[in-house]
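The same subunit A turns up in both complexes below, where it pairs with subunit B and then with subunit C.
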Partner chain A sequence: MATALEPEAASPEVHVVPTKARAGFRPTPAGWAARSLAVALPGLIVVWYVHHYAPVRADFLAGGVIIAIGALSLNVLVGYTGQISLGHQAFIGIGAFTSAYFIGESGQSFYVGMIAAIVVGAVQAVVLGLIALRVRGLYFALVTLAWGFVGEQSIFQLKSFTGGGAGAHATRPGGFTTDRMFLVFCAIVLTLILLVDWRLVATKAGRALQAIRENPQVAANYGINVKGYTLFSFAVAGVYAGLAGALFASRRDTVSATDLSFYLVALPYLLVTVVGGLRRRGGIVVFAMLFVLGGEYLPDLAKSLHIKFIQENAGNIIQSLSGVLAVLTLIFQPDGVGTITAPIGRWLKGERFSMHVSAGGGAEGVSVRP
Partner chain B sequence: MQGVGFVIARPIVQGLASGAAVGLVAVGLVLVYKSSRVFNFAAGEFVTLGAFGTYLADFWLPFGLAVIVGIATGAIAGLLTERLVVRPLSSRPKVTILVATVAIAFAIIPIEIIRSSKTQAFPARPIVHGNAFQIFRVFVSWQQLIIVLALVVVGAGLAYFFNRTDLGLATLASSQEPTATRLMGIRLNRISMLVWGMAGALGGLAGVLLPPLNLNFFAGFGTTDVLIAAFTAAVLGGMTSVPGAFVGGVLLGIVQAGALANVNSNKFPGAPSVAVLAVLVIVLVVRPTGLLGKEA
Partner chain C sequence: MAYLEVRGLRVGYGAIPVLQGIDFDVEEGKTTVLLGLNGAGKTTTVATIAGLLKPSAGTITFDGQRIEGRDPAQLVERGVALVPEGRRTFPSLTIAQNLRLGSWTKRQRRQELQATEARVYEYFPVLEERRDQLAGTMSGGEQQMLAIGRAMMSLPRLMLIDEASLGLSPRLAKTVFSIVDKINDDGVTVIIVEQNVGVLRHADNALVMEKGAIVYQGSGEELRKGDELRKTYLGAAS
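Then we have the complex of A and B:
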């Protein structure tokens, strides 16, 4: 079985010819009703739950959405471009501090800060991309790791830029100041990013990136601008990360260097991307939410079970378990846990329910028209 | 005035000692890379576990035994990593194994944080207290001297192992021609276990020796403070050269100590990490084979 990290991984998906069963099958009205219900019911439960138990829960959900956006940014690099990044605390943090600088220091509106975060995030990503043109694979992972620590230990500590240890202030966008409305705002941004990401992989750029990931030399021979597309993908990852950073800064009103460490940002985001499944947007978003909700609900659960140890250390236990889960995923389910839910996704799209992993031709992965 | 000798000698003395400890970790990385072409991002946690092993064993055992416990903790961590994670993934792309070793570090650090919830930093005990001698008015502590001595001893031991023993020859052979080595009746799995065990023990040794320089250590310090320096040292030395990793570690230690001593940390914080990134990028772009490496 091909691994998600493996360049060849996408090739079986590319050559999928629609089978007879798939082309001819149309669900009955009752089938469509069942599918709509399957989408609507969990959605309603989530909406009801957030409505009832907000605002604390809404704040955590917003945190999950931000992790999802950051993980989607990593997905562009690791999944689409095939370049691993271990320094995403710099990607997210530069966006966060840029946004906070424009909002807190210069007194601009949130949207100005957000646009500045996008621009600066893209610029720093492209600079790293220039290095990635020369240094590939494992060695590039080292460069990103070092870049992350430069961000954490040097850039984020600059007093004039980030306020040093005290942190920088950033307000929330007007009209979205409550926790619940801020969650709505984060969800809107996530939806936009998912749309952009979907169009990115479904169009010419996505095919070019896939060709480059599998073999840069062959891609160049087919007339693909390898340098241009590599830098383009870094810019896209930088834009996503800048957005995630702007939301990160505004979520808690202040942002400081200790919130943006290797351990708290780069590692969890990478594992969410890997466990959720590379090139599986849905899987990444779902696992990001599970990661946050696990840390949020485990203390309650432990309290009701009277296990004090788990209650006090819930966050760390969740982190440790996701590390173990990531290793297990890589060994036993190399395409990410998204493959487990992929049959459900295809069923919802109006296909016959089947457990075959490759039958859908990349329901969420890189979809290429035959 | 402290004198020119002091200004030059102090970063060299400090960098030599911390760089020697980083060099030990770098050698572990090089051994693993040579034998299985894997970048081991769990190496930083071998260091932290070694430090923790010594710290915890010191409550129960005489200090000499606690040091051995620390080294053994690192070695056991290395063996478990090989057996439970690297071997099941051995046929997969190297990037997959890299991510898996990152995940190992991510699984271990929270456990250390739970252990350290009451005290943020743990005191680290030097093997011998006090200063050994003074050079250009710079005090050289026994601990610094012992670290450099450890590096020399380990270097001599590895040179003897690879040049004079059959097992060392088998290890070298398995990294150059795995298939032919296997046909000669050498069990590659055992060689792999041996290499990971050695890498873990070197990490554990660094975890015993390094923390006393800063007087204490904290959860995850191996990954956040040591790992990238060790990788950069290994790349600087050529990634496949054991002597290169030693030289790279010492050179990088001096560069970092120099950056720390000569840059105003209020105006420009984090100079050592910037120096590491600069060295890494320059080496990878200008001379990817490193100082002593034979291949990229």
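Then we have the complex of A and C:
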């Protein structure tokens, strides 16, 4: 309406400055107590359950952390640049085999293998990024699908590189060889990646990626280097995937091509990314853990409840549930489960409880203020 | 020498030529309207000036320097800003974020940036009210204001506005153009691409395009008042 242009409309009372309003709100001590309780209670229930009914399976938790890192790599591509990757088994696998090659074949330390995995992971991602500059959307998805199968069928079958069917051997980093310590190591890597990812989105680069995702042409029009930032985001995704690959190889001491199939890596990782929520790194990490823990603890739960069918088919049930969940997510909550949990997260941080989607359209952590 | 000089400009999409060697001048501090029917080559002309298309022949001189075929980013830096057709805001970014993207190439200091943003809000108070709202949730008119405001953020000296009235009510289009007038009064040279002859009242100079060529170049007033001229170039319906 044209009337909106009249000066009266700009009077201070109607200025909407939600962030400032939020900053002015402080929860009462009772409010903080409620928040602490909301965190502590479920935590205690989980600890109690695990303590009583099943041992902590650090190895599985480490697997969950690795899935989270791989899904965060996908999140950079799908969430930040808007390019769908269906070939992440190649991304993870190349990292895994590079690391294993340096550790097992060349006898280097884990860290050398990890750095090599990062470098090679970034390089292969940038090469795919060069293709992404030419094709977008469905066509790019097909390119990544093909790239995934090239990895699976050709690169991973090179006997001198991957050890063929027997697999390649990789050790764990010194001081982190037990399951529990390896879990700690994985958690440290995940924390570092979360920090990097947070800074990536909150800074100028994050805004550039967002603008490119929305409309590359207009972004170019305003002087954003579309090529540079697209390749940069692919490199970042490649670095995350390289790290996930290195941890993947070391977790079970050996890695073989059969562990890195479309069904075991690319598909579940994509499900975790989509269901957890694009651009919702918290949601992705939480759902990655649920994904793994579900498969691990569901049989025990079924056993204690004497439901034999679930006990025997737990793995399949989790897989099919994830599929159903993905479909439901895409229909009812296209921005992912993270959108549902975001208001709770904001409440826990000490804001007023509100179901409103934060400004930025689900782009967690994006700040425009100077 | 004119502020913007276009000489013998030829541009095509693949093998299909669109602009067949056009010449025109734009004077500094003036508003020039580029009129013409669909497919006349108006958008191609401004897109080429803004660096989005590379000409196959011809020159574009802006403020004494050749700019044809340069990168859009460099041109934004030199003060050429395009407000693209169909608004093209970033729908899932807030208004403030959209505006901030307009100043991407300018290494302005925080205070200067805030001052520029404040100036945009002076032109368009509605944008300030809704600075934290997502651009995609705004009306067409507000998005058009945002698109112009975003171009303002790069502190342009030459602003190219492509079909600003598209899909707006006549009243709202008038409001938008009167703000463009204000921007022009503040020293920005403006080229408005339009199909709507009504915009001539805001123009100092007018260009009429037909099938990739300039068929009229003269004062806006003359074209507006001269019924004969208007009928000849823009058809009886205008």
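Note that the second predicted complex is superposed on the first by the 308 of 370 C-alpha atoms of A that agree within 3 Å, B and C clash if a C-alpha of one lies under 4 Å from a C-alpha of the other, contacts with A are read in each partner's own complex, and residues count from 1 in each chain.
Keep this in mind: a contact is a pair of C-beta atoms (placed from the backbone, for glycine too) under 8 Å apart; a residue touches a chain by one contact, two chains touch by 3 or more.
Quick caveat: nothing in here was measured; it's all calculated off a predicted structure.
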{"item": "Subunit B versus subunit C as contact partner of A:P334, first or second or both or neither", "value": "first"}
{"item": "Touched partner set for A:G350, first subunit B, second subunit C, both or neither", "value": "neither"}
{"item": "Subunit B versus subunit C as contact partner of A:P42, first or second or both or neither", "value": "neither"}
{"item": "Larger contact residue set on subunit A - subunit B or subunit C", "value": "B"}
{"item": "Touched partner set for A:R207, first subunit B, second subunit C, both or neither", "value": "second"}
{"item": "Residues on subunit A lying within both footprints (that of subunit B and that of subunit C)", "value": "5, 7"}
{"item": "Of subunit B, residues touching subunit A in the complex", "value": "39, 41, 84-85, 88-89, 92-96, 98-100, 102-111, 113-114, 117, 220, 223-224, 227-228, 231-232, 235, 266, 268-274, 276-277, 280-281, 284-285, 288"}
{"item": "Interface residues, subunit C side, partner subunit A - complex", "value": "50, 52, 72-73, 76-77, 82, 84, 88, 90-94, 96-97, 100-102, 104-105, 110, 113-114, 121, 124-126, 128-134, 136, 139, 141-142, 150, 154, 169, 171-172, 175, 179"}
{"item": "Residue ranges of subunit A in contact with subunit C within the complex", "value": "1-2, 4-5, 7, 9-10, 14-19, 207-208, 210-211, 214-215, 217-225, 359-363, 366, 368-370"}
{"item": "Sites on subunit A touched by subunit B in the complex", "value": "3, 5-7, 84, 86, 131, 134-135, 137-139, 141-143, 145-147, 149-150, 152-155, 157-159, 261-263, 267-268, 270-271, 274, 312-313, 315-317, 319-324, 326-327, 330-331, 334"}
